[in-house]
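Pasting the structures in now, so scroll down.
Next, two complexes with subunit A in common: one pairs it with subunit B, the other with subunit C.
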Partner chain A sequence: MNYYEKLFNTQEDTQNKINMAKGLEENLKRLKEMLSNCDDIIYREFNVGKDQKLKFATVYAEGLADKIIVNEYVLKNLMILARITEPEVNSIREKVYGLIKDGVLSVSDLKEIDDLNEVVNNVLSGETVLLFDKWDKAIVIASKGWPMRGISEPETDTVIRGSREGFTETLRVNTALVRRRIRDSKFKIKQMRIGRRSKTDVAVLFIDGIVNQDILKTVVYRLKSIEIDGILESGYIEQLIEDNWRSPFPQVQSTERPEKVAAALYEGKVAIIVDNTPFALILPTTFNALIQATEDYNERVLITSIIRFLRYTAMLISVILPALYVAMLAFHPGMIPTELALYIAGNRDGVPFPAVIEALIMEGALELLREAGIRLPGPIGATIGIIGGLVLGQAAVDAGIVSSLMIIVVAITAISSYSNPNYSFAISFRMLRFTYIMAAGFLGLYGLMLAILITLIHLCNLKSFGIPYLSPFIYYTSLKDFKDTFIRVPLHKMKGRPQFIAKEDKDRLMNKFSRDNLKRGEDNNG
Partner chain B sequence: MDRNNDVIMSSQLYSILVTTVIGIGILSMPRALAENVGPDSLIVLVLGSVLFLIIALLIQRLVTKFPNKTIIEMSANVLFKPMGTIIGFGYFLHLLISTVLVVRAFGEITKNFLLLNTPIEVIIISFLITVVYSVRSGIESIARLAVIILPMSIFPALFVMLVAIPDLDFTYFLPILKTPLPKIIKTVPQIFFSFIGFEIILQLGFFVKDRKNIKKAAIKSILFISSVYFVFTAITIARFGIAETKILTWPVVTLFKSVDVPGTLLENVEAVIMATWLLSIFMSVAVSYYVATFLLSRILKSKEHNYLALFILPLVYILSLIPKNIVEVYEFLDKFANIVSITMIFIIPIFLLFISFLKRKSKKGMKRNG
Partner chain C sequence: MDRIKIYLIILIIPILLFSGCWDKVEIDERAFITAIGYDKYEGGNEAKEENVEKETEKEPLNRYIRTITYPNVSLIAGKGQGKPFFVYSTVCASWADGRQQIALRDNKNFYVYHLKAVIFNEEIARDEELFREMFDTFERSVFLNRKLYFFVTPNKAQDILMTDTGKNMDVGLYIDELMSKENKPTRMAKSDLGTIAVDLRESNAALAPRIIKSKDEIKVSGAGVLKDNKLVGMLGELETRDVFILKGKVKLADYTIKVDDKFIVVSQTDLKTNMKTYEDKDGNINVYFDIRAEGDIVQHYFRTSKEPFDEKYIDRVNKKVNELISKELGDVFKKIQKDFGADIFKVGENLRKFHPATWNKIKDDWDEIYPKVKVKVDYKMNIRRVGIKQ
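Then we have the complex of A and B:
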């Protein structure tokens, strides 16, 4: 058993083994007992051979197994083709089962099992099980084929330039999508089942030789220790294995894009794909990684650097702008240029609330609109946005409940917060914004600074699977890791993997590559 | 990376030292210099910094000499056992009092420049709660925070200084070296006061992973700190002149106030600069608070410093409210700096180094004889 097999090996698989009986009747009886009242399970008993002496049975779950495979390549072969060829009975008497397995079933994926529990598991996950009389083993025929959604463009991580493929709800399709981007024998996909009842397939993806072994060990250990009845979405796993559940910040990145997963694997991270959800998990995650968008690497360097910088600024604005505005109005009006201060005073004339309350009302209304817009079906959602944003906002200003400047501040904040590429990251900032506004309302700029300090202390304390959340900002050790932070340097300058994650095989781009070589090639041609 | 929650890198030590030392001291430093030595302020500052660099090297020598030991074990090792506890307690008191004084001075500054109508008790208690939160999260977290806060606190202030350059008049620094020598010698300890906080290296050396770089971190931090001091003092005095600087309580803050950043959205940037400067003062307090609780936990032989941090909080709070006004705070600070800090930063480490040197020599001699 090699290292990874040992790492992923779970004890319980072998624990509750139920050995199969030799007789077909007995096995079927026990199976029917175990799967009693499951009306979606189909049992088909049939006879094989010229003189119909061999008794066989197939068991599969309707709707999960592909009926064409069962009918065309299993039943037809066994019932009809095997009879037509009329094999020499004497010569095959002893090895009939081997022959059936190796010579009759025209299906590519087969495996033999001898555990009745495994039979049930396989049937329930969509495989077809072939049972024989007088033999205590069963053959599992891969026949998973339920109706599934095709590969379509992801809704959350949209890009202008980049692949249009997104994950679907089927694990196999998803791993294949990643495999297509990493055709390396070192790219490993290890699968485990999590959930006592749901028995959800969970695949752990990593590249051997690049992955940080400490992280991988932690991840597998935490996954193994999950004891739950059902996993419905990768969010369950995320919440069960993350480091700090109290933190407002996501410590695991979720994405619908296979190339994002592939890029993370190339950096030495680990990905988890869960069956039944298009959201894959990437871990560990750092603050900086959540600001990076997929497109940053597809577009040319200058524009992406500017956009990256813009995004950091937008993030800052989305958290502190309303709080700053409140602090300046309530505590430090001297900071505002005189003309603007006069304008604001005129504008706020007749507004009955202090700035804090005004800000909280408007931000609250905005969050409400956003939530209503998501819950309503598409076209109506957009209408809500227009009615809420334009009509309500204008009416509120006309009625004198809020000042128009506050509307502008809130709108800028909202737009800035939309520019965050990661949804769960953006909502954590939305949450913080309210506490910041309140802190600024109580203690002005000083309160705002204290709130920022507390957030910073928390961020410094936070780790994602052993990696400090604020890496690489918390080290001065090398500037190399800063190449992909506030700006993105050209790809030919990004020679190494992030140093705080990758421990082995640190070079991405070999030293042979240089821009001068490109030019030299040009000269040779000319 | 650093999974163990008690390991910092030497580069992080550098940030901790810089953010700890730079804080409240610089805000009033130009006044003290202008009062005492007038036009020779900058020369005295450089002199003091160079002298302190030598002291820092000696302290650093002591740290590298005793790996994985705090000042308690160092002095227990060099002298005798109870001495370790006594000296450790001395350092604890020293750090506690300097924390108290900085907190009070900070409260006064914040009240004066940011929150005119808020009671100082509210400012101090909210500040202390934040400090305790940071202290409880451990040295690694503090180290990371220092790395992030260093540019956030220093660069906005330096930027505002740059804007002030057109209004400067460097003739205020003339004539050179007219001050009598005794006065210069008397002023040098004042500069040492601005380096209070550096002695935490005695305790923090304990956590550093790459010990061979401690020396580099110490030298680099002193150089950085003194150049920041130099720039601040030079620009403040060149802007206001000696006579005016003398009468300002916090000349540097007044400088921030007087600067008009052209073309910005904001009119008075001093509130913003004070808010960012708050980060630096926060680090000074958080680190000395941490080291104080760490020393106390070592003296009491308890493993958890977390609860001690909470335990000290009321003490710091009450002590910080004792001085009646800022003048009293500064009077006390001056006395404190002159007597206690000099002992703690200067005399004890060098004494320990000297004794350990003698001991080693006598051991060697004994070996040779035997």
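Then we have the complex of A and C:
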């Protein structure tokens, strides 16, 4: 057993092994007992051989197994073709098994098992099991083939320039999507089953030689310690293994984009792909990584840097703007330029609520609109946005319930908030905003600063799988790490992987690459 | 461990909360005072307040008439109608007394952070006691902006604040815009509360802009000369301009000059002033102003297009201008020196900085020495632009 096998070695079969009986009838009987009242299981018994003396049976779950495989390559071969080819006259029964396995079934993936529990597991995950009479082993024929959604563009995380492929609900397709981006033998996909009943396939992806072993160990340890009956979405896993559940900030990055996963793996991170969900998990993640968009690396450097800077500003605005506005209005009008202060005062004339309440009402309405927009089907959702945003806002101003400046503030905040590329990150900021508004409403700028300080203290304290959340700002390892923060330096200058994650093989771009070389090549050609 | 944590939280939360700002006043409930005026209370002619009860134990100490104005913000935001501004006058003993009295008469919370202008009637400014009291209040207050404009006026401050500028704005904002506009008129004093306070401390003299009301207009022109913590006199518009050229704070000035029977206007641009002080052999203090400027003929005479392009003619104009302006500036310096004895050019300060030995010798008698200081103004203008020739 090599290192990784040991690491991933699970005591998967905690259940007692049930040895198979020799007789087909017996085995089928026991299987039917175990799978009683499961009407989606199909049992097909048939006879093979010229003289129809060999009894066989296939078991598979309808809807999960590909019927074409079963019919064309298993049943047809065994029932018709095996009859045409005359078997050796004196073939002993023991030989039949080897013969069928190696010579009849034209299916690429075969496996033999001798445990009835395994038979059940395999049937339930979509494989077809072939049982023989008078033989205590079964053949598992890979026949997984259920109707699945094609690869389509992800709904979240959309890009203008970049791959349009998104993960689907099938684990194998997803790992293949990543594999296509890392054709390296060092890229490992280790699979485990989590969930006592759901037996969900969970794949851990990493690149041997780059991955930070400490993080990998932590991840595997935490995954192994999950004892739950069912995993329905990667969110379950995220919440079960994250460091601090009280924190408003996501400590695991989820994405629908295979290239994002590949990029993370190249940085020495670990990815987890869970069956039945298009959302893969990337860990550890940092504050900085959550603000980066996929496109940042596809677009040219100057534009990216400006946009990156804009995004940071937007993040700041989305958290503090309404709170700042409330604090300025209620406590520190002296800090507003005179003309603006007078304008705001006039604008708010007659508004019956204090600025805090006004802000809370409007922000609340906005969150409500957002929630309603998600729940409603597409076209209606957009309508709700327009009706809510424009009509309601205008009506509120006309009625004098809120001041028009507050609408502007809320709108700017909302726009800034949606510019955040990571949904769960943006939503945590939106929730923080309410706290900040309250703090500013009661204690003014002092309160706002207090709230920001508490948030910062928390952020400094937060870790994601052993990596400080605010890396590289608070966990200094190398100046190189700052090349991909507020601004992004050109790719040819970004030679290292994140130094706080990658412990070995720290360079991604070899030293011999330089812009000068490119020019020299040009000269030679010319 | 948990108990310690709880104790800590119980300890920390009140500290954080009670040190917060609990003085919330919504912005629309405030009245932003933009200008305050002070007049001397003479007694008699003000309508006596009808005191319902004789609650004051002693006769109120009435010394000032304090007038405030604040704009009608609804009008600024484009909703609501009514007067563009509100004015309140009270008779009071001090700033604080006035504030208390006025608070009884208005439904808004008064707020002075955005105060733009303070106007002192000449009589108050000339009264050292009252001036020092008031000026100290302004300088001491943490709520007042040091950039606010401090005016003296020969008219009543109350009248000025009540002026309707006809632009739907109150006088404070009007003055603020007037004083801070991009193309600053050169004939007004450019100093605010902060500069005046610093000047008075440094050289015991300062210039405060003068504001004048005539009929339905107000204008800021000329300057009041402050010395020994009171107003000692006023300067006219052109004098003020000349003073500020000498102080090096004017960048542009127009002069009308008669050359060869023709009145031509030469605009002085890029004015650069350099003041030097020194003690000569006889022990006299000398001030030397070296002023460089560029000239721009903005008005000549129709159909005499050759002249402005004649080098000799230009030389003559240069010479004439230099002579004339040098004399005019020198005269202004002498006037202030002789009439007011106010060292508004900071000659003493210059000596202290560059000739400390001399300054230490004479600083005690500076008030006597200053009027005897010899001045030489060297104005060197060169015409660079003459306009377009058809």
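Operating definition for what follows: the second predicted complex is superposed on the first by the 516 of 526 C-alpha atoms of A that agree within 3 Å, B and C clash if a C-alpha of one lies under 4 Å from a C-alpha of the other, contacts with A are read in each partner's own complex, and residues count from 1 in each chain.
We take it that contacts are C-beta pairs under 8 Å (C-beta built on N, C-alpha and C of every residue); 3 or more make two chains touch, one makes a residue touch a chain.
Everything numeric here is computed off the predicted structure, so don't read it as measured data.
Superposition note: with subunit A as the common reference, subunit B and subunit C are in steric clash.
In the superposition on chain A, A:L445 makes contact with both subunit B and subunit C. In the overlay built on the shared chain, the residue A:T338 is in contact with subunit B and with subunit C. By the touch criterion stated above, A:Q239 is placed in contact with neither subunit B nor subunit C. Applying the stated contact rule after C-alpha superposition, one finds that A:P354 touches subunit C and leaves subunit B untouched. Once the two complexes are overlaid on the shared chain, A:G346 sits against subunit C while remaining clear of subunit B. By the document's definition of touching, of the two partners only subunit B reaches A:F500; subunit C does not. In the superposed pair of complexes, A:L329 makes contact with subunit C only, with no contact to subunit B. Contact with neither subunit B nor subunit C is seen for A:N517 once the two complexes are overlaid on the shared chain. When the shared chain is aligned, no partner comes close enough to touch A:Q52: not subunit B, not subunit C. In the superposition on the C-alpha atoms of chain A, the part of subunit A touched by subunit B in one complex and by subunit C in the other spans residues 331, 334, 338, 443-447, 450.
Of all residues in subunit C, only 16-17, 19-28, 30, 32, 34, 71-80, 111, 113-114, 116, 143, 173, 176 touch subunit A in the complex they form. Of all the residues in subunit B, the ones that touch subunit A in their complex are 1-3, 9, 11-12, 14-15, 110, 114-115, 118, 122-123, 126-127, 130, 133-134, 137-138, 141-145, 147-149, 265-269, 271-272, 274-276, 278-279, 282. If you check the complex, the residues on subunit A that touch subunit C are 329-331, 333-334, 338-339, 341-351, 354-355, 441-447, 450.
Contacts from subunit A toward subunit B in the complex involve residues 214, 331-332, 334-338, 443-450, 453-454, 456-457, 460-461, 466-468, 470-471, 473-477, 500.
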